[in-house]
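Across the two complexes that follow, subunit A remains constant while its partner is subunit B and subsequently subunit C.
Presenting the complex of A and B:
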């Protein structure tokens, strides 16, 4: 009962509002085309007919929610998951490079943070570069990575994953530097009185203290890993993946297909973020965090 | 020749040294801050014998915590000498010669009470079976048996501080350094813990150095009270506290107790007026 009142009702309310707004905009944005059609045919069109027509256009400016839902249903359930027309197929292509890139990025971020926290020199020299790396527009650098890696015969999953890695290591590195430095002075002094080694201080104090920071930054990292994977699919000539669906859709003016891919990507991102949240809850429970 | 002549002398000094657990000579510590140097400790001379209970008392800024941290090798003196168990503080720390109790319990929130007491034992590489044994023994010592599996936030402040005392005792150091351990607790809990600490001290025969800003607490617990004064932090007076070893809370109404408390208060006041004259 509480779950329904505290979680389902608020989320459903916002969802309903979004869907209603969406319909309103679909009508407003698609109406000019219908009016043009009517004018060209020399007829007038009733408001009721106009509204009905805006919701079933072939290539609407903004497809109505039910058109997108129908497109998703068709491309998920009606075609075989191995078919190039299946959203499941394209989703999996994107998901696999997202996950690989996210795993590598998280690992890289953690390793960098550990190095930075334990070395003053690295703190001074690496941190500015890490920040600079994120000021380079990913759209500019993504094709370079793909092309350069292709030139050295690295193709397939890895180049795309590298773009996800490039984006996702950053929040993890920054978050973990803060997390590994989060122990109170008293907790650190305590370790000193025990004459603990750096490794012991790390495993028994810094690492557990950084857990909340790790999961928060992983949530951000997994979401932008997905963005990175989609961006990484654009310069590969739109072979496969959500990015390819977006690109192909825009080539052929298939707005319904674009929106279906967008919604699929958003759903995937929210599932991934929720999974990280679930992991965080499990770890929290083991670490005795007050419920 | 002179070297040969000096040798026996040096040896007798070395032999005499272990009698004192802590030996501080002409020790000074200057902190360099943005507002210029601060004399945290100035010309400290102090001896603490084995099995003594010594309290540092004084207003804030008198350097009592700093002196304790120097003993623990958490701060480095600018000049003078200090030995702990006949070694430098750094060597003593590396040999895990002392247990340190902080102002706050400083328990690791992700570890259970048993896990927290196990922490120094894990760091020191004590095998699991013995760790379990020592956890049980030390929890019993501070009357916390049955709370092994609780997390720190599930315990009251007084219980948390007791757990932290059990943690500092778990590896059986002979010296216990306590930095206002009961400062954050209410008076009722503090009285109770003072009594328990005395019993613990009698039972374990440890040497205790105890920082406080409470006169009754210092008089009640100590065999020796070091009265300190600020700017620069220094020892104003050392008062022997001869109340005997059997002490209950009632003793605080006895004439002897009040007499010593009065001397401590006078000492603190003089330390202050001396300070004011220099300002």
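Presenting the complex of A and C:
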């Protein structure tokens, strides 16, 4: 009961308000076009007719929510998933490079973190650069990486995945350095009194202690991997993927298509993030952490 | 005396390089002096007792050696340098690594010198990244389309300062800063309103957290359609990207002041605004600055990516996408350098302000 009162009702109210605002803005933003049409035809248009018309324009300034939902339904269920007009096909293209890049980035981040934790030289010389790399707008390089790798005949999944890798390694590396250092000095001393080797300390103390940090940073990393994959699809000339849908939509003024792609990307991001959250819960329970 | 295996290996490599062919056309002065200097450096590392003077000598020798090696690059036949040269490069790299290692393990009594040493470590690391980049790219004659050498990028930056400045003005000074100010400001104000109304807090925060994880850059084409292709549309993208991190962080920060302190304010009979200004906002500052830092990166990314969807013929994103199409990769790298510099400087500036504002925070107290 408390859960419903404290989170479902407020969230639902805010969502409802957002949808209503969306409709209101759709009417306001699309109305000038309808008035213009009516004035050209030399007729006046009633308010009711005006509102009805703003809901079903071909290329609205702001499509109404049901138009976007209809577009998603049409491109997901009505066309076969292998067709180039299917949102499932484009979503899969983006998802596959997101996941590949995310996996590589997480691996790279973990390896870097392990190296940094065990080498004082690396900690002092490499760590500041990893921090600096965050302040650099990496996404700006995305188109170049794609085009350059295409020029040397590396095409397909890998270039896009590399951008996702570059973006996702950072949160994992920083989080894992923190996590691998999180065991208390008492615990480390205890391991030393047991005469544990470095590998044993790592596997039995540092690695388990870093799990919460790993999952927190993986959530950030998977979200940013998706952004990387989408931006990576922009310069390839709109071939396939959510990013290509966005670009093609903006070329041809297909606003409904852009919004559908955006909503699809948002859904994908939230599913991916909650999957990681689920994994974190499973691991926590296995390790005996009470929720 | 503890002889590092790195130094022994470097010594052996320098010795081997004398008998192996370097692949040079003639024997330039630089190519002859490089092995001699590296020999001296390896000898210092091996036989001189580790001290400050020995470390400085090692650093100076290694960098002179690296300078000779780079200078010698232009004297090679079209086939490029061969095994002897690469032995020297590896030897120089090992010695530099050794020097950095020794510097990292030193403890200085004076905190100022310690700070200087801590600064020198990443600088040396970065410098060697550039040196190895230059030598590898030019030595193996990697196509410049794939990766131009740093010297070429530097030359390009020097020769096209006006273009870079115009792009910087358009993208950073107009779009990014305007959007950043509006986005952070409105996020902050919204957070204060949300904090006042518990119902909104419960409803808006989960959604705000979700939106903060969404690919908001995707909104760029829509904004370009609505606001035209000038900088206003880019600023709009930046506003939307920076709004939610600010909102979420500020709300979390406003909840950060302790119950005891709030009770104290109540016993003083402080009004809501007095409590807000004198207790809760100062307590929220670390969170607010966290959002400002995150947003400084997001703002630049948003402004650049939004230009991919249409822009006037100036701007960093426009230049990047255009020069990529013309395969002028050095110009792209020049823009990236400018972006990186702007990003790091604004991040550093925010950190400095943070230090001044939240001087009371445990992480800054010594």
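FYI, the second predicted complex is superposed on the first by the 275 of 291 C-alpha atoms of A that agree within 3 Å, B and C clash if a C-alpha of one lies under 4 Å from a C-alpha of the other, contacts with A are read in each partner's own complex, and residues count from 1 in each chain.
By definition in this document, a residue touches a chain if its C-beta (ideal position, glycine included) is under 8 Å from a C-beta of that chain, and two chains touch if they have at least 3 such contacts.
Keep in mind that what you see is a predicted model, and the values were worked out from it rather than measured.
**Q** Record, for the superposition on subunit A, whether partners subunit B and subunit C clash or fit.
**A** When both complexes are placed onto subunit A, subunit B and subunit C end up side by side without any clash.
**Q** Which partner does A:187 contact after superposing on A: first (subunit B), second (subunit C), both, neither?
**A** first
**Q** Between subunit B (first) and subunit C (second), which does A:287 come into contact with in this model arrangement: first, second, both, or neither?
**A** Only subunit B is touched by A:287; subunit C is not.
**Q** Check whether A:255 is in contact with subunit B, with subunit C, with both or with neither, and answer first, second, both or neither.
**A** Second partner only.
**Q** With both structures fitted on chain A, tell me whether subunit B or subunit C touches more of subunit A's residues.
**A** Of subunit B and subunit C, the partner in contact with more residues of subunit A is C.
**Q** A:125 contacts which: subunit B (first), subunit C (second), both, neither?
**A** second
**Q** For A:200, decide between first (touching subunit B), second (touching subunit C), both and neither.
**A** The answer is first: A:200 touches subunit B but not subunit C.
**Q** First (subunit B), second (subunit C), both or neither: which does A:155 touch?
**A** After superposing on A, A:155 lies clear of both subunit B and subunit C.
**Q** I want to verify one number. Taking the Cα centroids, what angle sits at subunit A between subunit B and subunit C, in steps of 10 degrees?
**A** 70
**Q** If you've got the overlay open, could you tell me the nearest Cα approach between subunit B and subunit C in whole angstrom?
**A** 10
**Q** Name the residues of subunit A shared by its contacts with subunit B and its contacts with subunit C.
**A** none
**Q** Under the stated contact criterion, what part of subunit C meets subunit A in this complex?
**A** So the residues of subunit C touching subunit A come out as 97, 100-101, 104-105, 118, 121-122, 124-126, 143, 145-146, 199-200, 202-204, 206-207, 210, 213-215, 217-222, 224-226, 296-297, 300-301, 304-305, 308-310, 316-317, 320-321, 324-325, 327, 329, 332, 335-336, 339-340, 343-344, 346-347.
**Q** Which bits of subunit A are touching subunit C when the two form their complex?
**A** Residues 6-7, 9-15, 18, 61, 120-121, 123-129, 132, 134-141, 143-144, 147-148, 151-152, 219-220, 223, 226-227, 230-231, 234-235, 242-243, 246-247, 249-250, 253, 255, 258-259, 261-262, 265-266, 269-270, 273 of subunit A touch subunit C in their complex.
**Q** Over in the complex, which subunit A residues touch subunit B? Could you list them?
**A** Its residues touching subunit B are 184, 186-187, 189-196, 200, 204-205, 208-209, 211, 287-290.
**Q** Quick check on the complex: what are the subunit B residues that touch subunit A?
**A** Spelled out, the residues of subunit B in touch with subunit A are 72-74, 93-94, 96, 98-100, 102-104, 106, 108-112, 119-120, 122-124, 151, 153.
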